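In the two complexes that follow, chain A is the common piece, with chain B as its partner first and chain C second.
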Partner chain A sequence: MKVDHQLDVTGMACPMPIVKTKKTMNTLEVGATLEVVSTDAGSKADLPAWADSTGHQYIGLVEEDGKLIHYLRKCDPSKVEQVHFEKTFNVENLDSISSDSLVLDVREEVEYAFGHVKGSISIPFGQLFDNLSQLNKDKTIYVICRSGQRSDLACQMLQKNGFDEVFNVEQGMNGYKGLIEKTI
Partner chain B sequence: MSNKVAIIASNGGLFDAYKVFNIATAAAATEKEVTIFFTFEGLNFIHKQGINHLSVPAGSEQVAAGFENANIPSIPELLEMAQDLGVKFIACQMTMDVMGIKAEDLVDGIEVGGAVTFLEFAKDAAPSLSF
Partner chain C sequence: MTTKWSSKKIADYVINKKSLFILDVRNEGDFADWKIEGENFEYLNIPYFELLDGVEDLLPKLPKDKDILVVCAKEGSSIMVADLIQEEGLDVGYLEGGMKAWSSYIEPIKVSDLKNGGELYQFVRLGKGCLSYMVVSQGEAAVVDAVRFTDVFENFANEKNVTIKYVFDTHLHADHISGGRLLSEKTGATYYLPEKDAEEVVFKYAKLEDQASFTIGGSTLDLQAIYSPGHTIGSTSMVIDHKYFLTGDILFVDSIGRPDLAGLAEDWVGDLRETLYTRYRKLNEDLIVLPAHFMVIEELNANGTVGKRFGDLLVENHGLNMTDEEEFRKAVTDHLPPQPNAYTQIRHVNMGKISPTNEEQTEMEIGPNRCAIR
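Then we have the complex of A and B:
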């Protein structure tokens, strides 16, 4: 899966996977994704707890050939999340949108893989500008991310580029209770 | 929620050292402010010679061998890592006097202080741990 950085801590025991993850996370930009490959069974519980405690996002875990592959995303816990885009959409109504509209997921590829709204399409925010031609300007677009912050920025960008029927899904995937589809 | 973890290291064996340094480095890597107060046998862990001769309880030699097999970092490595992560070390002045240990016998980057120095840090720490 496409990630910004990879960290190999195979063979290392507690507390090394945590210490190495912390050190690597310090070098990353906010929003970057990190893959941590571990063989320490303790990391299964430790890395989600570490992310929870430090304010970073724990995206998910894949177990493969005795290896534990963790996916994380760097967050800035000090940053207050502000939403600016005026047209918003209640996440609870997402399952009853018309067939003439679409749900655009602007989270990173790896976040999308671990769970997204069924039928939504994935274009990470960082790649959106280069992929505007993939979107139909006549359709209503409901933009979703994890919390409503990246999707807010995406809505602003879409509007500037001639998309009129664009709505920011409030609370994002954090608030979505409907059917989740996985590609992993 | 407190962002401080206060640890007292008062026993000086190899297993005690792992308990102290594993918790300390894990806490520091989780953005906690960590201070360890080394007192009585716990001073072994920051003693330039003592750190390389930590004892193992009789009959547990096999467990000690397990540390190497499981690729666990050595205590000197964990100590360096803890300092690198910003863990603060306080050596107990009173015990140093009793045991005839001088500041230059201890590894670098250590503060020497009394019980109050530690208590001042620990007053709003959660958890406070003693090993």
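Then we have the complex of A and C:
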């Protein structure tokens, strides 16, 4: 899976996987994704708990050939989440939208892989501008991310580029209770 | 320099009820599940990953007048945290090998002398609550419910200059990996297992039958088997020298066995009732009950052993005092405590169906034993 950074801590025992992850995280930009490959069984419980305690996003875990592959995303918990885009959409109504509209997921590829709204399409926010041609201006687009923050920025950008029927899905995947599809 | 504490040193604190402050730096879930129990221990749980930026905020929460021990899963994180605290000028120790070492630590304690120079020892696995036994008499020994660290029994037998002749398991264990088979292979002793628990066992064993009688040390000491199903369908108790009553996982000091670990609670509850309320009651009340487990540290006697007179348990143990059969049935089939970690896998190991590595066995045995209903 495509991520921004990779960290190999195989063979290292506790507490090193987390010490190294923390150090690496400090060097990353907010929003960057990180893959941590570990062989320490303790990391299975400790990495999510650490992420939770620091405010970073723990996206998910893949177990492969005795390796534990963790996916994380750097967050800045101090940043107040401000939503600016005016046209918002209640996440609870997402399953009853019309069939010719579109759910656009602007989270990172790896976040999308670990669970997304069934039928949604994935264009990470960072790649959206270069991929506007993939989207149909006549369609209603519901833009979703994890919390509603990245999708807010995406909506603003889409509007500036001539997309009129664009809605920001409030609360994002955090608030979505419907059917989740995985591609891992 | 931070001090390295051995499990043996902590065992001394537990048995002698000394006071100790434990800073457990494992994650909250692991701590809630299982920790080092001591009657006069105080605890603080702060995961090590919350202390990576320093321990300034932690220092005011640590006592000045008590021994402080930092504990984690395998020791790495506890060394890191202990060093950080030490740098701030407070003396602390860390547990060598972490909870993994504590889980495997075993303290052999003499229960009693027996006739003709015989002795009965209880091997107390403090971290896991497992109790194994060794009877020695005139150059021979028998081991009951051996845990998987067989070198402990071998070394002890060497020290006592005795040959292990019999190895018994009172039942097919589900909460910990038995050392019975390995110990018999290494010593040449015969391994006895109740036949009804051994239907799926893939190795050779001898049948431990009801009323079977064994002697060690010539004919000086006898061991008597009593079929007592309920925790498992084959559960068998042993009476040593007409005085010591090894009840396996059927009857504990402060609780009784659970009938559900092989998935057959409804089927076995009648057997459990029959054993506790009929079969056992034909026995002498002056027998000393010596179970295969303890649940809470308060069950330890002053010398660190776990055991109590049967007649006293008939009065004090709630599980022996439910006159109403329906109430009993409900108590042992409803609201059961969570099942022990990896209990299905552990049963398969004990049947010889799978052979995990040492490391995998350690992982399976992590956590409390949870064999009882209080």
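As a convention for this text, the second predicted complex is superposed on the first by the 184 of 184 C-alpha atoms of A that agree within 3 Å, B and C clash if a C-alpha of one lies under 4 Å from a C-alpha of the other, contacts with A are read in each partner's own complex, and residues count from 1 in each chain.
We adopt the following convention: a residue touches a chain if its C-beta (ideal position, glycine included) is under 8 Å from a C-beta of that chain, and two chains touch if they have at least 3 such contacts.
Predicted model, so just to flag it, every value in this text is computed and none were measured.
Per the definitions stated earlier, placing chain B and chain C onto a shared chain A by superposition produces a clash between them. By the touch criterion stated above, A:L179 is placed in contact with neither chain B nor chain C. Judged by the touch definition given at the top, the superposed model places A:W50 against both chain B and chain C.
In the superposition on chain A, A:G42 contacts chain C only, with no contact to chain B.
In the superposition on chain A, A:G11 contacts chain B only, with no contact to chain C. Chain A residues 13-16, 18-19, 22, 46, 50, 53 lie at the interface with chain B in one structure and with chain C in the other.
Listing the residues of chain C that touch chain A in their complex gives 27-30, 47-50, 52, 72-74, 76-77, 80, 363.
Residue ranges on chain A touching chain C, taken from their complex, read 13-16, 18-19, 22, 41-42, 45-46, 49-50, 53. Taken in their complex, chain A has these residues touching chain B: 11-16, 18-19, 21-23, 46, 50, 53-54. Interface residues of chain B facing chain A in the complex, by the touch rule stated above, are 22, 25-26, 29-31, 70-73, 81, 85.
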